[in-house]
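Here come two complexes built around chain A, the first alongside chain B, the second alongside chain C.
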Partner chain A sequence: MNSKAKAAAIFKDNLQNFFFVLPAFAIFCTFYIYPFLNMIFLSFHEWRGIGPMHFIGLQNYQELMSDNLWWDSMGHAGYITLIALTFQNALAFALALACDREIRMKRFYRVVFFIPPVLSEVVVGLIWNWILNPEMQNGQHIGLLNHLLYTSGFPQLVHNWLGDPKTALTTIAIVNSWKGFGWGFIMLLAGLQTIDKQLYEAAKVDGASSWKIFTNVTMPMMMPVILVVVILTILGCMQVFVLILTMVNEGLVNHTDVPVLRILSAMTGTNRFGYACAEAVNFGVILVCISFMTKKLSDKAKQV
Partner chain B sequence: MNTNRYVLWGMTKSTLIHVFLISVALTCLFPIFWMVRCAFMTNETVFVDQGIIPHHLNFGNFAIAWTQGNFAVYFLNSVVYTVCVVGGIVLVSSLAAFSFSRLKFPGKNIIFYMFVAAMMIPLPGSFVALFVMMNKLHLINTRFGYILCMINVGLSMSILLLKTFFDKMSRDLEDAARIDGCGKIGIWWNVALPLARPAIAVIVIFNSLNVWNEYILATLLLGDSQLMPLQRGLMVFQGANSTDYPVLMAGLTMAAIPIIVVYLFMQKHIVKGLSSGAVVG
Partner chain C sequence: MRKLIVLCSCLIFIVLAGCSQPPKPSNKILLWHWMTDRNDTFQRLAQQYKQETGIEVIVQLFAPSDSYSQKIIAAAQANVLPDIYGILDKKSIVADFIKAGLVTDLTDAMDADAGSWKNSLFDRALADKRFEVGNIYGVKPGIYGVPIDVTNVQMLYNKKLLAKAGITTAPGTWEEFIKDAQALKRVGITPFVSGWGELWLADCFASNYAFNIMGEEKIFATFRGQVKYTDPDWIRVLSVFADLRDKGVLMDGIVTKGNKYAEQDFALERAAFAFNGSWCVNVYHDMNPGLDYGVIPPPPISTAYPLKIWGGAGSSFVVNAGSPNKDKAIAFLKWLTAKGQQVVLAQETNNLPSNKGALLAISPILKEFAGNMDTTTHPTIWPLNEDPLVIEAFDKGIQAIIIGEKTPQQVAQDVQVVKDRQMARGK
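== the complex of A and B ==
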């Protein structure tokens, strides 16, 4: 075979090999890379979705910096995330520790705890909307929660949970935790089960208390998994919005708004596509920074 | 004496643990049970009947939701979208992962790391730019457009998972197939795909959940009620029946039960997928 024919054969071979990747690459470029670049491009423009596009430089970003509704919505998402990081993850960890032993019905618990996560946000939101219903009919509370509070002797606690600006966000955060703790539970349990049981035995022989074993054996071994759970919780909860869309109506918007809902309303509500893109870029950068910082912090903690 | 105390303490401890676990399990199940319970009641009995199990089971709500609520259409659409998207993801991602793992071409690593990077970088609100592009391509209000968008959503994770799997696979079978005269496509179809079944199961279950439960793209891209999947249809339905709770709960039940049943059958793979994700990081 001469060298020319050889080169042609190699070229043909490479081309064939590339054709395997081509469908994935084409879809990826069209539906990920292009919109991603276009989003950055649009964020420097004033555009109503149709008609002429005006280049306005950084004006969208300048406006964003002083947009109180935007930063408030960031605070709301932060609050939901904080509840998830503390309450939801502590619960998930406690449940995982409880299940990491020879215990009856372990399989049952594992199956049940992951049922809320497989339900859609629309279904979860609408079920809880019904349970938390504040209305009354024929002197009876329609919503299950208020009904139970009333009949079990706490009528003073009956409350319009989703209607009151003071309690709405916390209620949403708790429902969000109800939906989400199963993820953390399964991942943390899987992490616990990879820890060598001989480590526990050795620590016990050395006379370590359960608390000592937990802080000196379990926690250091679990740090990588905990980090993954923390980052996924932050990224997931900061971007939560369908739950809010289904649980509260327009009325409470300023008390329960989250960034993704702001982006959505800039786009569909006021047709400000450029501004919506600026919000999206800003939010994306913030999320990348948060997860990067979390990783750095935990690396530092590991070295100590 | 001392051993007695230990046994007693052990029993109390395990009882406490079970009480804790069972109460959380009940908290998980009760809202779902409550939804199903209400779906079997009528608007008259739902506020009156105090029993845990309703005295009279009423199946009419399901019929109303299925026919008048357009659920027959939504349900079928959801099934079509889920099957097409998941099938597309498995096909496209396994071809790509096979090439990334086994074949050579210039620029391979760059393209692969682009997929990895896409998985790491969160893109909140990417739906704005996606909507603009779909509008340009005239793919708004088409099944095809929505399916392509959703394939893209699951692509990166599936490629990464399958590539790690193919990398670990032994080359002996492949060599044997090559000696028997199999080409690259033949090896992909006859050797790689059947062996990758565990990884494909994980991909199928996670993407099925994702597509079945997807809401925002369905809302932005599909305005025609004949094309809407269940989650989108539920919101339309809720807008129309906001006071008729039993019928709404019947609709929710129909959207939730299939996915719960699939989950119960496939939960082994979910645990495996999440565990490997957690351990790999």
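== the complex of A and C ==
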């Protein structure tokens, strides 16, 4: 075969491959790349969702930089994420460690722990709204939590959990953790089960204590899984909003605002689509940076 | 090579299939709506219309209303709006739809036959989608929508709970209302509930008292930036909420309560007064058919100006200006708002009919709601509206007052800061 014929055969092969990839590429471009680029394009405009767009350059971004409500909402999402990273993931890890041992009704616990994440956020919000209901009827507390506190001798702890700025965000963060810990539990449990049991036996033979085994065997082996759980927790919690919308509607003043709710409010409440897109771009960049930093930190931790 | 030809053919087919033909007139009309409680009746009426005229009306429900709004905007951007749809948004957005050529001017159809269609409907309801000469939106004057029903937002009182507190008549003034609330509290009954977790409802309540305290000219002067929110009258409006808080009138958790929950509270007799719209008649009937209640306008706090309640068109439809079935769509809406169909809608869905002739067929409680239609107003019929960011600051400020975080004076200052900023931006 001469070189011309060879080149033609390669070209034909490449062309065929290109056509096989084309449908997936077209779908990706249509549903991911185009909306993404369009969002960036819109963020430089003033637009109310319908009618003409006005190019305003970086004005939306300038306004965003001095928008205290936006940065407060970022702080609120950060707080919810922090609670999830600590309380939620610690609980998930502890339960995963417990279920990794030979205990009775292990499968039952696994199913029970996985129920909250399977429920929709709307359902969880409605359930917790009932549990946290601050009202009274005929001298009785309607909400389960306040009823239990009252009847078990702690009337001083009865509280309007979602109506008080001091407790509203923490309450939402805890409910969010309750809903989310099942994912971490399943992933961490799966990770624990992949650790070679011989490593534990060898450590025991060497006289290592349970704590030493945990810190020197379990934790290093679990780092890749923990990293995935941490990144998913950050991305999931920073974007929480349905739960908040269900629990406190349009929010308790601005104490329960999170970035996605601010974006939604800019779009539907004040019809500022351009500004909403600027918020979305800003939020997306921050999330990418956080994920990148988490990955870098974890890589460093692994090297140590 | 054959594979390549097959693949190319598939791609060309896909591309060609994506190129739509311009729509042609047909005997089918597509209607998109958001009203879950009226869907069954709409479907039944559509069947009846098909039997009478041979024209099929395809009724499609997209709920909840927030999602519907977004769907309509997305459909408008993609130019795939149905023949008949609703715009659940501010008048400025309705104006944008009209200017984009997406809404038919119905003035000629309304005025035909000596204005028989227009005259059969409540004028207040028509005002919702009517643009007057010299309107600030720059829209050609005309009527652009058809009201399916009318609505208003008032105060409701539970007769049984009031009687328990020894109250025999509903309050007629703010002082009487506060006095009744104290009496209710003494017998362990929560005085008042409303879904103020949905900010528009708290805004509506404040607006009622703004009309009562300072009158509409001063309100509009504030919107124009000629009066400040730190004016004593605005502080007095905000103080209404401080008064309600200080006197313990409000149900716990009212600032985060959705209206559905507030409706449940009133229907299950957990509160004696509620602030809600006429659509609640249907909701309360479903939750507690035996609920004995009455309707009053919010008790006025001042005698300076009349208190105005929010009301007007409840739900309206518009006709897509680009629809090839425009005339058929208009004919259907004319039929839907005729007396016979309006009676069916009113009786089956417990909503106030938009056709005046259908009022005779409504329930006594709806008649009480209808009794105050003359005192209604609504932002959609005002000559100008406040900037949305100022409204947001005002409404969030009301929440801050209720939870005791800020005083009316502080909120007024905060709102004025936002107002000044927006004015400086030329908005």
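Simple rule for what comes next: the second predicted complex is superposed on the first by the 274 of 304 C-alpha atoms of A that agree within 3 Å, B and C clash if a C-alpha of one lies under 4 Å from a C-alpha of the other, contacts with A are read in each partner's own complex, and residues count from 1 in each chain.
Please note the rule applied: a contact is a pair of C-beta atoms (placed from the backbone, for glycine too) under 8 Å apart; a residue touches a chain by one contact, two chains touch by 3 or more.
None of these values were measured; they are calculated from a predicted model.
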item	value
Fit or clash - chain C, chain B, common chain A	clash
Which superposed partner A:25 touches (first chain B, second chain C, both, neither)	first
Partner chain(s) touched by A:162 [first = chain B, second = chain C, both, neither]	second
First (chain B), second (chain C), both or neither touched by A:221	neither
In the superposition, chain B vs chain C on chain A residues touched	B
First, second, both or neither for A:265, with chain B first and chain C second	second
Partner chain in contact with A:103 - chain B first, chain C second, else both or neither	first
Chain B versus chain C as contact partner of A:111, first or second or both or neither	first
First, second, both or neither for A:137, with chain B first and chain C second	both
Chain B versus chain C as contact partner of A:190, first or second or both or neither	first
Partner chain(s) touched by A:122 [first = chain B, second = chain C, both, neither]	first
Where chain C runs into chain B (options 76-84, 112-120 or 274-282)	76-84
Where chain A meets both chain C and chain B, residue numbers	15-16, 20, 49, 137-138, 142, 267-268
Chain C contact footprint on chain A (complex, rising order)	12, 15-16, 19-20, 22, 48-51, 129, 133-139, 142, 160, 162-165, 168, 247-254, 265, 267-272
Residues of chain A defined as touching chain B within the complex	14-18, 20-21, 23-25, 27-28, 30-36, 38-39, 42, 49, 91, 94-95, 98-99, 103-105, 108-116, 118-123, 126-128, 130-131, 137-138, 140, 142, 144, 178, 182-183, 186-188, 190-191, 194, 224-225, 227-229, 235, 238-239, 241-242, 246, 259-260, 263-264, 267-268, 273, 276-277, 279-280, 283-284, 287-288, 291
Chain C - residues contacting chain A, complex	1, 3-4, 7-8, 11, 66, 69-70, 73, 76-77, 89-90, 92-93, 96-97, 99-100, 102, 188, 190, 195, 197-199, 251-258, 261, 265, 268, 270, 388-389, 392, 396, 399-400, 403, 405
Sites on chain B touched by chain A in the complex	14, 17-18, 20-21, 24-25, 27-29, 31-32, 34-35, 38, 47-48, 91-93, 95-96, 98-100, 103-106, 108, 111, 114-115, 118, 121-133, 148-149, 151-152, 155-156, 159, 184, 188, 209, 212-213, 215-216, 220, 231, 234-235, 238, 245, 248-249, 252, 255-256, 259-260, 263-264, 267, 270-271, 274-275, 277-279, 281
